[in-house]
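Same chain, two partners: subunit A is paired with subunit B first, then with subunit C.
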Partner chain A sequence: MLALAKYYVAAGKLSIQAQIQYRASTYFYLIGFLIEPIVYLVVWRSVAESQGGSIGGYSAEALTAYYIVWTLVRAMNVGFDPNAWGWRIQRGRLNEMLSRPIHPFHRDFAWFGGGKFVWILLWLPMAAGLWIAFRPQISPTLGEGVGFFIAIWLAYAVRFALLWALGMITFWTTRGSAVFEIFIGAELLLSGRLVPLDLMPQWTQNIGAWLPFKWTFQFPIEVVIGRLTGGEILTGLAIQTAWAAALIALIWTFWKPAVSKYTAVGG
Partner chain B sequence: MNPVKLGWMHLRISALNELQYRANFFLAAFNALLALATGLIVIALVYSHTDSLNGWSQPELLIVMGIHVFIGGLIRAFVEPNMYQLMQDIEEGTLDYTLTRPADAQLLVSVRATSIWQTVDLAIGLIVVAIGVAQLQAATTIAHVGAFAITILLGIVIIYCVWLMITTAAFKLIRVDNMVQMLQGIYQAGRWPVSIYPLWLRGGLTFIIPLAFAITVPAEALSNRLAGSTIAVALAFTVVITLVARVVWRWGLSNYSGASA
Partner chain C sequence: MVHAVDGISFEVGEGEIVGFLGPNGAGKTTTLKMLSGLLHAESGRADVLGYTPWQRSKELLSQITLVLGQRQNLAWDLPALDSFDLNKAIYQIPTADFERRRERFIEILDIGEIVTKPVRNLSLGERMKVEICAALLHGPKVLFLDEPTIGLDVTMQRRLREFVLEYNAEENAAVLLTSHYMADITALAERVIVIHHGKILYDGGLKVLAEEFGGEKTITVHAEAVPDGLGYGGIIEQTSTKLSLRVPRSEVASTTARLLNDVNVLDLSIEDPPIEEVIERVFATPKDEG
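Moving on to the complex of A and B:
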């Protein structure tokens, strides 16, 4: 366990150094990310204003806070793109990972986790710009702040494991992108990524309650913008932990059968 | 050789190469329909809460979305594959093969690759535009369609120029793949009319990444919102950006020193 922890620290440090080396490149990537919430923010603020200033219990300022926090949550929950598994397998890049005495999941999880520290640093000036441009309404308590810190890391664990499990489909088919597109569409509608689920029809909210998506987007955001009680925050953190554990167990279960399908050479 | 003929031949060869992989058509069609369904759900959701988004009705938004899908299809089918190839050639030094040919290098790097199955988006985009037009309350005249045809043509040229200029940065920066990711992210803003955005963003989407000219202006032409002067501005802007893209391309080439091929 201690050896694994040391590996995580070392891999995380390496990732931080790599991200710093290519910081301009990372910045461009983040700017691309930032446009999505700004679009949603502008659209839903316009809708709220046309409805007298609020919609679904969200004022225009609360919606602004929602989407500004969204940008941080989005930066945090980026994982290994399932589409990139095809590249990894075609180029034989998996060979070097398989030859190491540690599960490739740990390598990826530590690598992306380490990169978050640089992403947060780069995100700060962008968030400041959005804050000045849109003036959100947000004043979290200490408890909400601590809850948010834990929730965004758990959101990262849940979404990372979900993407990794999806990517493993590539071991069985080269046409996995159809499944990935379904995933992206479902996530957009059922996670609070497009719009807070309270603004969606009730049946959508009911479906969303049984899926992991909400715990990777809406839940951490709601924690810090003050829409949840202490009990709801603790319950949510427990559900996030359960989802992360279930998805990681799924990966471990299917890893051996998946690798048995792998026949690439070189790399 | 005639540049048009040369360009057509390259496109034809790369399209024939892609046509070997027919299953990709179903994949592209599936992905396009899924993206369309998501887009339609989003519009329906917005209009379930309001009747008008900053003065834009639901059919008008459908037209904007259709044009967004159409232009997006063109980018993925013809622009992106060539620009990715260019980036790779610059990074690996294999652009030499292209530069030594007796034809204009900008033309050659722009017509070498095609993702022909992505053209399914062109059909879907036009169908969505047609549905939007059919639902408009005011009649759409031949003049509106003519203005639409002109402005969308200008929009295509503008989008190509922007992509070329961004990719040309690879001559200096080498790794610009994340700039392309940024461009793809910004392109999503074009799904909505630029007039709904705050002034600073509207300015950026008009003159820096000119989605206003490529998507909103053609949509305005079809929904009878376009002033004649806007077409003149779009034309002038297209001429300017084409010249600037050419200058930037030549500057980029002067920075190329790869001879490792």
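Moving on to the complex of A and C:
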């Protein structure tokens, strides 16, 4: 365990150094992430204002806060794209990862995780700009702040494991990208990414309650914008932990059969 | 169904360097990938340091290394030294061993200046040197080297060969090497395994291979004058002062004696055919004759 912790520290440091080298492109990614929530924000603010200032319990200012926090949560839950597994295999990069005595999951999780520190740092001035432009309604307590910090990392763990598990389909078929498209569609509707689930029909909320998506987007946002009680926050963190553990167990279970299908192309 | 490798069987001892030869698609890299745990064999058995490689136990992976020529394992935008530190964490290398090996390798490979530069700024040869340095920092007992010198200039090739030899001598590591450069094989391996269409055609000493399959030798004489019409067969080249002949091994002594008698010899050499030629003959020989 200590050895694994040392690995995470070393890999995280390396990733931070690499991300600093790529800070310009990281900034462009973050700017790209702005377009999606700003569209949602403008649309839903207009809808809220046309309905007397609020919709589904969200005031226009609360919706603004929701989508500004959204940008950080989105940056936090970026993981290894399942579509990139094909590239990784074709370029022979998986050979190098498999020839080392550490699970490639740890390699990716540590690498993307380390990069988050740089992403958060770069996000701060962007968030300040959004704050000035849109004046959100947000004043988290210390408990909500701590809860949010834990929740965004758990959201990263859940979504990362979900993407990684999807990527493993590549070991069986090169057409795994079709499954990823379904995933993206489901995530848009059931995570709170497109719109807070409270604004969706009840049946959508019922389905969403049994799936991991909500815990990667809406839950951390709700923690910091003050829509949850202390008990709900603790329960949510426990559910996030359970989802992360279940998905990682799934990956570990299917890893050996997956690797036995590997044909090690690409040199 | 075509099998990449089919019923091959061989053993490599501690400290032994074995050259794995064959044309493209022969099954060399597949064999290396199976033995290093990347590929799962459909049937059969393999044992590396007491482990079945495709079970991919951490204990085995910590004691072997796989170097695939022109493949990049180091962080592209960072100095190699940073990737070395990551390897220290991955392989849990004790600090003293890590520092000793790192300094030693940097010295042997003469990479003191380049390990501090981002890998993306290095030439192919420089990159290969830091790659192989990184691959050996954990002191592996078995090295799988697949075309480690591909694309490098001759000086760089020689430097890497010397490094592998030195590592082999110091750590008594077994080395299984594939290369299309015969200079790699002749410099490093006393034993070669020739594989073609997934089957082993030859497994034995490199010298024996030359004797078995290099059925003829080349005799070259330089003389004050080489007259025409001497009546030798197998002439490769003849000028007014030089004569090169290809003769069966059994006739080397008698032909040499005859030459010494016929011309006023200034210099004489007797050579085995180039190893590339020998290997080609092995490929062309049906299995039951080899």
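By definition in this document, the second predicted complex is superposed on the first by the 264 of 267 C-alpha atoms of A that agree within 3 Å, B and C clash if a C-alpha of one lies under 4 Å from a C-alpha of the other, contacts with A are read in each partner's own complex, and residues count from 1 in each chain.
By definition in this document, a contact is a pair of C-beta atoms (placed from the backbone, for glycine too) under 8 Å apart; a residue touches a chain by one contact, two chains touch by 3 or more.
Bear in mind the structure is a predicted one, so any value in this text is a computation, not a measurement.
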Review point. In the superposed arrangement, which partner chain does A:F33 touch: subunit B (first), subunit C (second), both, or neither?
Key: first
Review point. Where does A:L98 make contact in the superposed view: on subunit B (first), on subunit C (second), on both, or on neither?
Key: second
Review point. Between subunit B (first) and subunit C (second), which, if any, makes contact with A:A209: first, second, both or neither?
Key: neither
Practice item. Considering only touches as defined above, state whether A:A238 meets subunit B (first), subunit C (second), both or neither. Key: neither
Exercise for review: In the overlay, answer first, second, both or neither for which of subunit B and subunit C A:Q17 touches.
Suggested key: second
Study note, to complete from the structure: The answer to whether subunit B or subunit C touches more of subunit A is B
Practice item. For A:A249, select first, second, both or neither according to whether it touches subunit B, subunit C, the two together, or no partner. Key: neither
Review point. Looking at the overlay, what does A:A128 touch: subunit B (first), subunit C (second), both, or neither?
Key: neither
Check your understanding: First (subunit B), second (subunit C), both or neither: which does A:V146 touch?
Key -> neither
Review point. Where on subunit A do the contacts from subunit B and from subunit C line up?
Key: 22
Point to revise | Residues of subunit C that touch subunit A when the two form their complex | key: 29, 33, 36-40, 54, 56, 58-59, 61-62, 64-66, 68-71, 73, 75, 77-78, 82-83, 85-86, 88-92, 118, 146
Practice item. Report the residues of subunit B in contact with subunit A in the complex, numbered from low to high. Key: 23, 27, 30-31, 34-35, 37-38, 41-42, 45-46, 49-50, 52-54, 173, 175-179, 181-186, 188-189, 191-192, 196-198, 200-201
Study note, to complete from the structure: Note: in the complex, subunit A contacts subunit B through residues 22, 24-26, 28-29, 31-36, 38-39, 42-43, 46-47, 50-51, 55, 133, 175, 177-178, 181-182, 185, 188-189, 194-195, 199-200
Practice item. Name, in rising order, each residue of subunit A that touches subunit C in their complex. Key: 3, 6-7, 9-11, 14, 17-18, 21-22, 92, 95-96, 98-102, 259-264, 267
